[in-house]
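Below are two complexes that have subunit A in common, paired first with subunit B and then with subunit C.
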Partner chain A sequence: MIANPTDAKSESLTLDGKEVSFTPGETIYEVATRHRKRIPTLCYDERLEPFGGCRLCAVEVEGSRLPVASCTTKATPGMQIRTSTASVEKHRRTLLEMVASENREIDVDPLRGYASQELSTLLDRYDARTGRFAGAQSGSSRPDDDNPFILRDYDLCISCYRCVRVCAEQEGDHAISVMSRGFHTQITTEFEGLLKHSACTFCGQCVQTCPTGALADRKAMRFAHLSGETKQTRTICPYCGVGCSVDILTKDSTMVGVLPAMDGPANLGALCVKGQFAWDFVQHPDRLATPLVRGADGELQPTDWDTALDRAAEGFRKVVDEHGRHSVYAVASGRAPNEAGYLMQKFVRAGLGTNNVDNCSRA
Partner chain B sequence: MTVTAIPTNHQLIEQCRTEPAPLLPLLHAFHERDGHLSEEALREIAGALKIPIAELFGDVTFYHHFAREPQGYGVPRVCTGPVCAHRGGLELLEALRETGARPMPCAGRCDEPVPVLRGGELLVGTAPRSLVTKPSPIPAPNPGGIEECVFAHIREPGRATLQGYRRTGGYEALERVVRSGAPADVLAAIADSKLAGRGGAGFPTGTKWTAVADAPGTPKSIVCNADEGEPGCFKDRALLDHDPHAVIEGMALAAYATGATRGFIYLRYEYPDTFGILAQAIADAEAAALLGDNVLGTDFTFRLYLRRGAGAYICGEEGSLLNSLEGKHPFPRNRPPFPVTHGYENLPTVVNNVETLAAATAIVRRGAEWYRGLGMNGQAGTKVISLSGDIRRPGNYEVPLGLPLETLLHQWAGGPEVGRAIQAVTMAGLSGGFLAGKDLDVTLDEPSIRSKGSFLGAGGIMVFDDRHDMIAVARDAMAFFAHESCGKCFPCRIGTQRITERLAGEAGPTDLSAWIDEVADLGQTMKAMSACGLGLAAPLITESLLKYFPKDVARHVERTGHDARGDR
Partner chain C sequence: MSNPLADMEKPDVIFCIGTNMTECHPVAATRLKRAIARGAKMIVADPRHIGLADLADLYLPIRVGSDAALLLAMAHVIDREGLVNEQFIGDRTVEGEKFLEHVKQFPPEWAAEITGVPAEDIERAALWYGKADRGAIYYTLGITEHICGVDNVQSLCNLALMTGNIGREGTGINPMRGQNNIQGAGDTGAIPNNYPGFQPVTDPKNQEKFRRAYGRTVDLEKGITKVTALEMAGDQIRAMLIDGENTVVSDPDRHHCEHALKSLDHLVVIDIFLTETAELADVVLPAAAWGETDGSQTNTERRVQRLRAAVPPPGDAKPDWWIISQLARRLGFQGFEFTDAKGVFNELCSLSVTYAGLDWDRIEHGEYQWPVPEPGHPGTPILHQGTFVNGRGIFHLISYRDPAETIDDEYPVWLTTGRRLQSYHTRTQTGRSAGIDYFLSEESLEIHPDDVAAWGLRDGGWARMHSRRGCVLIKVKETRRSPRGTVFASFSFNDVPVNILTGGGYDPVTQTAELKVCPVRVEPAEAPSARQGVA
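Now for the complex of A and B:
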């Protein structure tokens, strides 16, 4: 194959004794994970700018007196990198013991959020539940924030600021920020208010990137008490036309939550408030399970589909006969899937002969 | 009767908005006008500068001195730093309690305790009624009679004025250099002098300036780091108060040598008098065409801006300082890239300490060889040491690098009080931890002090005589680092807290070997994994404590165990 002259030239470095190639611009962490090195992280989210806060990803680089954060350090030609020396692994374990010491609890229900098991998983991997470094705990929860979507359980916060960064970098909302400093840092909104009084759009991205469950999905947590295995089913969000991939969480036949699909081609892990939280309708007792038609007494009565469709057709025909085809206007529901939206416009255009069709998500 | 109109929000905003680095001056303007930073003020500022309000709120809470409660600006802040705490600071704070007085970390007046900041005023004294404003102490004449560099002219009357500065050749170096049109000569002189950063890190100044000169991208900047926050350091205050034009000339020379066209002095909040002196010096230099557009009628342009911090030790770290200047959250930046290529606004930037810039002026005037020759025992040049604590003549001393510490302590500064012995001294302010016992035989230069596991750094040395409980001294030192830890990196944020708790006896093992294990593990991980100098250096406190005072540590842990078990 002829190389494209605009392709970045590939360079090489030594990774744990093996020569590997990399593309200029890649970080050490990116090169290493590409080569299946399991470098621990807590402040890393591949969608965000590398931050360099947790320091767990530090690796040894020949010629550097101290370990360097692999997430923020660019690979350079000839670099000699050691990703898991005894010394670095010891520091990682100590760091994890330190992190564990600042939280009220470590094991949280996976329904709290997509990344909520990251800390507990790492603590187990490094056998770091030793109880060393006991002392004051950091972060103050906000039980007063009674919004229906996001639990702000900051007692479990480890100050990785992934929530703040995803809100700013991915969402552009800048609804939350870091207040005070040192051990007393606290995630806050403007003037320490409630999320509903801030620029928050309740997209839930902060929840899904939180590695400890300090931010949790309140909608899903309603089902934490249900026993049984949680199953994931990949589908597309039924709302607007973007087509975000989601994983629907179910226990038996009960829908218990929605996770954004990090590999969804349209959303790469992003969702909005509707896709993330507005799925109560699925199991709502008011949801219609059978067609209804109005009887002679004016009340709605359950019926079969043939009867219902005949009645609807009759009504449309009557209106078109009396007032012409442009007297009909149709709005497709944003809660219906794309396919249903397509059928709706086909029915209106081809069936009724008018272009009076819209979708409520257009606004 | 004159009526001074109170400026409107709009007027305050318009004064700052078009200048570079507008956030800090704007916050200070509202803070001073209103007596605090109200929600309304922050919303105005956020709107004007297009900063998200949540971020601005978070940023403001980062700084120690920005008051959010009404009248908070004028509430006295009393220094309770390592020296002042033992010189009446704690008693003064108590005596001023009913005024709402609050403690503040070392405010850089260790040679004349105790400083009290009240609004825009800095007062000094040890009792509420004896608090006075007065100029900061001028360094005493060199006790060793040794030739100086940055203090050579500082004691001349009127030196702080433009006229006084020019009396002995001030700005002649700048004039000669800009007229000669040879920036490379300046770079060569600085490199040849072996001048290294005097703020603590010791990076070769010539290498830094050359890197900025060579780096692509304009406009380039010169930033003077005058955020002298290290406890026990007050040398930059002396230079800026009594010889401000030497620093300004150094910045202009750096600008000319590197092609920079703008400069910033980032001054710590706790030096309000210095702010006034610098503002005047800059105005005078501009009026004399030594700064601004077309310096001395040439096509060299250098605009200098004075900016003031608001109480955050970490802003002395260059990445934090640059973020603070840019109006961002003052976390340190990831390195690389370094400021020489990605500094202020991600453009090439020299960040130099005050003393470095003052020395550069002298070097360009008098030559690299002269400067190199000022050192002793093969060391090049001089270093200002801020000496304070239990010593008879505290103050700033410019020493030849390589001078024995004992000479400074005993011959120059008079030694401890009669009947007392020096128990320990700190190095690099607090960042170098303690030296004690036989290790006091070091010479004042990095190779010698580093061989003892410490470092000279910014040159602050605090003396503790045999009256002190070294555990308490170490606890207060670590509490300072915990208070100032920015919260970005895990090892420092958690480590400084955990070590403080252990030194305070509030948490941790009651078994001595487990206690030592925990403290040593915390320290080693902080020293290896922290993101900036704060977390890397803080463990030197406990490392040196364990090295020199193991019996005190054992007693402390035993006492903690007794308390935990409820023994008497």
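Now for the complex of A and C:
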């Protein structure tokens, strides 16, 4: 039997001079965030084990000489925490200046990914675009990886390891890893090859957690040139029965991409290659845009709704007249919404007065 | 699923059978990976060494179609070792004694002969599952797409009932539904035997309810299934209305199916593409696709969620609900004056028992898992807590049956079919999404390296595969995922219509086609000149 977290009773500590309560097991970052403190982070993704790599979330704790990483440090009773002293804020700004110096480009298109604006947003918040440090870049891009989904622009990598951790912890795929450390850090696959030769399933989770856009959604980026605001519409993935929540990205009336919904009840931010990257069938030129009826020449011809519906209805009427209502059969779709299924059965039961309806899968 | 997806992280023993979850339901599979990381043990039974088998603590490479034998022997061991949950059987089930007597005939040695799995491994699987505090079963079409699909599912239920692994967190019998809304298609009553909410059409109470609701006499008999309807096409069945399903490519025995649809007097197809099925129609009505229409759909854990339109449909394409309503009105049918998806959904809820407590506004955030019997009810993430729908859980006395067709001298190889991660069903959608071809641009037949050599084939070369119904040309792919004597292909590519070969039989109860098993003969072939799959 695996142990389950038990209900622990709450304790208290002091946060920026105010006494607050917490549940044993919570980190300082979690307690502070619950109390609306805006502690900056870069290597943190709430779905992953805290890592403590970037030190941006450092806070002061009474009795400890150096600031501590709030994302990895557990809260303890009586702790006195200061989240935003002048010295902590200065430390954060310097760190951000250094991080920024490593990168070729800071302001990347938001279509690159869900978290792609995190770094640039923090640089603005801390007014840290000073160019005070001469940059030594860590990581080099992989323009040779021609996969159609994931751009590997490691020039922008800040070694937060979120991609590696999401792949290992959330996906269990372990497709990517880190090679060497410091300024020579490089995110890579086994044998330094292409993603398609690794264990990668192209779920896109690394793209969506990357805080700089170093990993980017190539399909969405095809639409970066379109002007206008990007809108999000919450819906459910059209592929399998898991029912992952997604946000469709649109510019005007063009679909430009899909983001995982972090609060989706079935997926909690996870997606697979289909839900993440196979959305553009809706804009394929093969889409039917007009009704078709079979002409005298035996070919399907485009027509208007009136003509098509009349032809469709007339055919059913004739068959019912000649062979009775049981000679008509309806097949509903396992792909279409509930409303389609309901009306298909109503068409048969309330309309024809039979039970001759089924759906596509007998499974 | 009897239990929610979130529960997949909670079992201590996971038993997956006939599910290629890492490819077919990848996001659900990540939850199992987390359970394993927490220390859960996983048993995987599948003819192929699928991705899930790589993660398993115990892998049972069963011969295709031998699931029932494995499950009977597991029940035998659980009984013999005294791991039966007597209290659960006594309090909540019927026929328990008869069942325990019945399984005495099926020791692991007997099942080893049939399944090809060593008796010790069957024994070990039974002990793990039997001793689990929280044992959970997951399955997919590998269990149901057989002539004995119902027997297989009932065998799984027997295991859960005899160990009390149902109605509690982290346990259950959990079918993973394939298509995005296949659950909803059943929920909404698009089945011949049930009104919406699984209310049987043969129950006079329900007949009265729908007679009133629909203001007309209703049929007292069950309808026929799609399989039967296709068999009667051109004869008793003269016209069909098909919504968004590429029957011709996805159904077994494709020649038969095409012939059936062609022999209709009248065929109307609603779809987003001119599929192989739509090409046979007299009238094709263009539907709005995903992302272009409002509505709802229900996932494999019975969660009812909202679909929302983000962009307008192309040209004149319209939502399904609009198309069906318009067609109904032209036929003079009453009760189709809908103006939006919301109205349709609310009517469904008012007549369903499982959705009775829901309405359009309540499903805004997707919190509800049915049954939601009345407004204010929180929904039912875990089924069968405390009691079963029909009172008591019933043990079924299952026996093993061979597949409809078995291998012989002429067709000495087992073909099994399935899906692949990057493609979906008949590829009408994934095939039209940019980039998917990068991974998977053609079908191939997966064959064990030793068989490739023994049959005179070459990795990357071509093979001709015959069954009793037809023959296809297909590329050869060498892989140890296939065991010796069993080959695998998916049915996603129209130019390699694997379903020409399958369809040797149907489950007598559900009429699910035996897509998973088909004896074939595989021989070397020349590369085809043009892209032409049918030999």
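By our rule, the second predicted complex is superposed on the first by the 282 of 363 C-alpha atoms of A that agree within 3 Å, B and C clash if a C-alpha of one lies under 4 Å from a C-alpha of the other, contacts with A are read in each partner's own complex, and residues count from 1 in each chain.
Just so it is clear, a contact is a pair of C-beta atoms (placed from the backbone, for glycine too) under 8 Å apart; a residue touches a chain by one contact, two chains touch by 3 or more.
Bear in mind that the values here come from a model prediction, so they are computed numbers and not experimental data.
Novice: Report for A:Pro291: first if it touches subunit B alone, second if subunit C alone, otherwise both or neither.
Specialist: Touch partner of A:Pro291: subunit C, not subunit B.
Novice: For A:Pro24, decide between first (touching subunit B), second (touching subunit C), both and neither.
Specialist: Neither partner.
Novice: Which chain makes contact with more of the residues of subunit A, subunit B or else subunit C?
Specialist: The partner that reaches more residues of subunit A in the superposed model: C.
Novice: Could you tell me if A:Arg132 is touching subunit B, subunit C, both of them or neither one (first, second, both, neither)?
Specialist: Only subunit B; A:Arg132 stays clear of subunit C.
Novice: Would you check which partner chain A:Gly78 touches, where first means subunit B only, second means subunit C only, and both and neither mean what they say?
Specialist: After superposing on A, A:Gly78 lies clear of both subunit B and subunit C.
Novice: A:Gly228 in the overlay: touching subunit B, subunit C, both, or neither? Say first, second, both or neither.
Specialist: Neither partner.
Novice: Applying the document's definition of touch, where does A:Trp305 land relative to subunit B and subunit C: first, second, both, or neither?
Specialist: It touches subunit C, and subunit B stays clear.
Novice: Output check: A:Cys203 vs subunit B and subunit C. Expected answer is one of first, second, both, neither. What do you get?
Specialist: Second partner only, subunit C.
Novice: For the complex, give me every residue of subunit A touching subunit C.
Specialist: 1-2, 4, 147-149, 169-172, 196, 201-203, 218-219, 231, 233-245, 248, 250, 253-255, 264-267, 270-275, 277-284, 286-294, 300, 304-305, 308-313, 315-320, 322-323, 326-351, 353-363
Novice: Where on subunit B is subunit A touching in the complex?
Specialist: 39, 52-55, 57-59, 61-62, 312, 314, 329, 334, 336, 482-491, 493-498, 501, 506-508, 518, 521-522, 524-525, 528-531, 536
Novice: Enumerate the contact residues on subunit A facing subunit B in the complex.
Specialist: 42, 50-56, 58, 66-67, 69, 72-74, 87, 91, 94-95, 98-99, 101-102, 132-136, 138, 158-159, 168, 174-185, 188-191, 198-199
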